[in-house]
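So, here come the structures, one by one.
Next come two complexes, and both contain chain A; in the first it sits with chain B, in the second with chain C.
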Partner chain A sequence: MNVELKHQAIAGTTESSDIQIMIEPNTNEGIEIQLDSSVQFQFGKQIKLVIMDTLEKLDITQAYVKATDQGALDCTVKARTLTAAFRAADIDQDYDWQVID
Partner chain B sequence: MMGQIQEIFPESFDLYYPQWQTLLKSLTLAPDDPVDHIYGLIEGDQLIGAVSNLGPIIKQVAIPKAHQGGHVFNQLISFIMNQLAAEDVFHYFVYTTPSHQNAFEHLGFDTIAQTDDLVFLEKGFHGFKYYLEQLKTKLRDQPTAAIVMNANPFTLGHLQLIQRAAQENPQVLILLVSAQRSLFTFDERLALVTQGTAHLDNVVIAPTDYYLVSNGTFPTYFLKERAPLQVAEKQARLDAAVFTQYSTVLPITKRYVGTEPTSAVTEIYNRIMAEAFKDKFPLVIQPRQTLQSQVISASKVRQAIQTNDLALIQAITPLTTYQFIVAHLTELQQRKEF
Partner chain C sequence: MVKNAINREIPDNYAAQYGAFEGAWAKQPTYKTTSRQVHAIHPGDSKLVASIHEAIEKVGLKDGMTISFHHHFREGDYIMNMVLAEISKMGFKNLSIAPSSIANVHEPLIDYIKDGMITNITSSGLRDKLGAAISDGIMENPVVIRSHGGRARAIASGDIHIDVAFLGAPSCDEYGNINGSHGKAVCGSLGYAQIDAKYADKVVAITDNLVPYPNTPISIPQTDVDYVLQVDKIGDPDGIASGATRFTKNPKELIIAEYAAKVIEASNYFKQGFSFQTGSGGASLAVTRFLKKAMIDQDIKASLAIGGITQPMVDLLEAGLVDKLLDVQDFDKASAQSLRDNENHYEMDAEMYASPFSKGAVINKLDVAILSALEVDTDFNVNVMTGSDGVIRGASGGHCDTAASCKMTMIVAPLIRGRIPTIVDQVNTVITPGESVDVVVTEYGVAINPARQDLMAMFKALDVPQFTIDELRQKAYAIVGTPDPIVYTDRVVALIEYRDGTLIDVVRKPGQQND
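Our next item is the complex of A and B:
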């Protein structure tokens, strides 16, 4: 699946057990993730890995991500990342939820 | 139990509006401060929290004591960020008291500047550091005089101040206030300043992007004292703290300001800035130009627009501003000003 980011988008909330993902097209090659997390020390690496992995499955290779985590589980991180990417790409139907697995 | 967030309309038919006014007053916030939207968190039939916005500025965060420190704050701030995102706003600002700094930082906000009384925070992709780096690329590496102005609209007083700075310094940076709380829109103000200074080749114009405000645009909602002079002192201190950061990245060697002999607020603003910049760079205060012993000011122009006094407008504005006003007179008279 090839998803092209067109503009900024946001998904998720900053409520407990959730993660807020802001995503933006990046003019430079690569994915840059800025993570604020209440569990940064324990799970910061893992959260970034899940975001990176989800974007790669959508063939997104250039993006800025600003994530504000309040202790979200991996499945939540994936879902929020997908939704933010779809919104940024103006995809509002025929979602490919397969990439979650 | 989680409540429901809904918009509150400042109208008599909205049952929650009186509750909202009472809540704000109980927290010494001002319900009459201009906002675009008000959102309230309702649990049962009780309002247990509220938040408002004016453009990208999040304000009037109001939570009763019993619900402070819990999920209400996160829920409200989160909600308003999503609402703003629906309007394509992805960069948020907040002025608050130091007691709320941690709560905002916990939600991913970064502090831009702070004083003993106030904190100014933002959340977005390209923050203050990026803005300053971008601004730096617009400037030559030469001693630079900075002027912050709203230019609502651009007058001969503004022009004289800029011309003086342009003569006395290799480069002039005009920082035009971005906030849309003026009779003239940002694009109109920018166009009039650009046209009015086209004959000066060492002038660079850039938006403040909400980082700096003029004393006409600073929000006063969060301050206990509604007395304008105490408000002015606090806002001036915070604004000076932000501007000091400009000077650490940019080659700013002087700041120029105008005076308004009739305005005590401007006087305080200038005094506080002079104190704050004392050991760093001089503050050059230029007396206002006068016309038949009356000071020239943008507020005079705005009054003259309402009273159809085109002769006065012609006398105190550059030709480009005058022509714009003549061409848009009816439209300007019908616009609502905060």
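Our next item is the complex of A and C:
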């Protein structure tokens, strides 16, 4: 699936057990993630890994992500990342949900 | 580095000074309690002072002394900040403070630590910003965390020698007879303050309700009090006692409570005249409600309920389902009112409640205790002190006292809180050793400590899912993932005394985390 980030987009809230993902095209190479998490010390690495992994499955190789986490589980992190990416790419139909598995 | 009986690493110097934990019942000393200084009062002498300034001068406060406070006013306390502000103005240095606990409202302590006025602290707990600042290393000397029973032991034995106790007094006469049941800032029991009054060299009663002599009932007698000071306000009633206790609607807490009540019912301890203690958390309070129904259905009455008293326990007393309440502290207005009005609701001091080296504490007579936890590990050790990020934010309270002494100790806690697992490989800080913990109750089911084969047999037919503690840990990690362990520096910021005075753990300053 070809997902090209066109502009900034956001998904998720800052409620507990949710994560807010703000994604935009990156002027630098690669995927940059700035994470602020209530469980940073215990799960910071894992959250970044899930975001990275999800973006890679969409073949996104260049992105800037600002994530504000309130203890979301991995499934939520994936869902919010996907949604933000689709929104940033103006994809509003024919979603490829396969990437979740 | 010394490894204590539960494999926690204690630095050599502290192990030498305090001793390393050897087991809940390793010590049974015969000893003499400490003595205090008494300045005789003659007829005609007045105990009244006009200001905190005058009180501080008259008690002869000096640099390096130890002063104490009680925490019965909880988040509504004005006394500690009021007294420390004056002490600061007068320029004292190098003081030790030994309050029975510290609340969020005592945040000004941070400044007094930074400017060298306070150089040592012992307390049951440290909250919020102060806890974070201590964890960050603002004190050179580690804070000594003591349980409620451990503090009473330390004061009675002389490990803590209180030079001056400044005691908030909701109702007081000019000769220092005090109770917590009347006045503007009613707190109910004064159980923790009674110990300070009994053993401190000098005692200053601070009241906003000076009543004619003699003030009764007498919780702290005139023979323990040197000076009496009247001020406008000693506390905020709404911060001292919460209003009507609302029962939790949280489905997790309700199912935990239902499971816990089933465990109690299925145990041999649930019989005519049993005794119990519950905590003040949502699930604990709900246990009392489920237990009440079982008691009515099966016509079983308890002889005794103790603790921090809450409204659900008062309801049981008034319904005739419990014969007596013994009360060291009140958490809500209904409890304080009951202590005042009901002769079967009786005040006790901290030594009688929980001291391990007294001539027998009330907790020794307990059948069942329902306690909470921030973390429980696969050795059943419990943490109620540090958060999952390793930062100090809790209180030892009576946790290890009650857990050690009662016949069946139950920990009620959700399997996970948000993404934080409660059941873990290793707790960040041990307050209560696994040997004192018998049953862990979560919303997924219970785990029984394999050391209690008698309970395993007792609960064969229990109508609640049963797992090993490791299976519960696996369930938690399956949902949230495996947490990275917190990275600590070598810097010790708090010593965790077990109730007998030995070190069961230390808290270190968290270091640079790998994320």
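FYI, the second predicted complex is superposed on the first by the 101 of 101 C-alpha atoms of A that agree within 3 Å, B and C clash if a C-alpha of one lies under 4 Å from a C-alpha of the other, contacts with A are read in each partner's own complex, and residues count from 1 in each chain.
One rule holds for everything that comes next: a residue touches a chain if its C-beta (ideal position, glycine included) is under 8 Å from a C-beta of that chain, and two chains touch if they have at least 3 such contacts.
Just so we're clear, the structure is a prediction, and the values are computed from it rather than from any experiment.
A.B. asks: With the two structures overlaid on chain A, would chain B and chain C clash, or do they fit side by side?
C.D. replies: Fit: chain B and chain C sit side by side once superposed on chain A.
A.B. asks: When the two structures are overlaid on chain A, which partner does A:L73 contact: first (chain B), second (chain C), both, or neither?
C.D. replies: Touch status of A:L73: second partner only.
A.B. asks: Under the stated touch criterion, which partner chain does A:Q8 make contact with: chain B (first), chain C (second), both, or neither?
C.D. replies: The answer is first: A:Q8 touches chain B but not chain C.
A.B. asks: Using C-alpha centres in the superposed arrangement, which angle lies between chain B and chain C as seen from chain A, in steps of 10 degrees?
C.D. replies: Superposed on A, the angle at chain A reads 80 degrees.
A.B. asks: Contacts for A:Q42 in the overlay, against chain B (first) and chain C (second): which applies, first, second, both or neither?
C.D. replies: second
A.B. asks: Counting only touches as set out at the top, which of chain B and chain C does A:T61 meet: first, second, both, neither?
C.D. replies: It touches nothing on chain B or chain C.
A.B. asks: For A:S16, using the defined touch cut-off, is the partner it touches chain B, chain C, both, or neither? Pick first, second, both or neither.
C.D. replies: Both chain B and chain C are touched by A:S16.
A.B. asks: Rounded to a whole Å, what is the shortest Cα gap between chain B and chain C in the overlaid structures?
C.D. replies: Between chain B and chain C, the shortest C-alpha distance works out to 10 Å.
A.B. asks: Please report the chain A residues shared by its interface with chain B and its interface with chain C.
C.D. replies: 16, 38, 70
A.B. asks: Show which residues of chain A lie in contact with chain B when the two form their complex.
C.D. replies: Where chain A meets chain B, its residues are 7-10, 13-16, 20, 22, 24, 36, 38, 64, 66, 68, 70.
A.B. asks: Under the stated contact criterion, what part of chain C meets chain A in this complex?
C.D. replies: Where chain C meets chain A, its residues are 388-390, 418-420, 479-481, 483-484, 486-487, 510, 513-515.
A.B. asks: Give every residue of chain B touching chain A within the complex, in rising order.
C.D. replies: Going by the criterion above, the answer is residues 71, 74-75, 77-79, 81-82, 85, 88, 90, 106-108, 123-125.
A.B. asks: Flag every residue of chain A that touches chain C in the complex, lowest number first.
C.D. replies: 16-17, 35, 38-46, 48, 70-74
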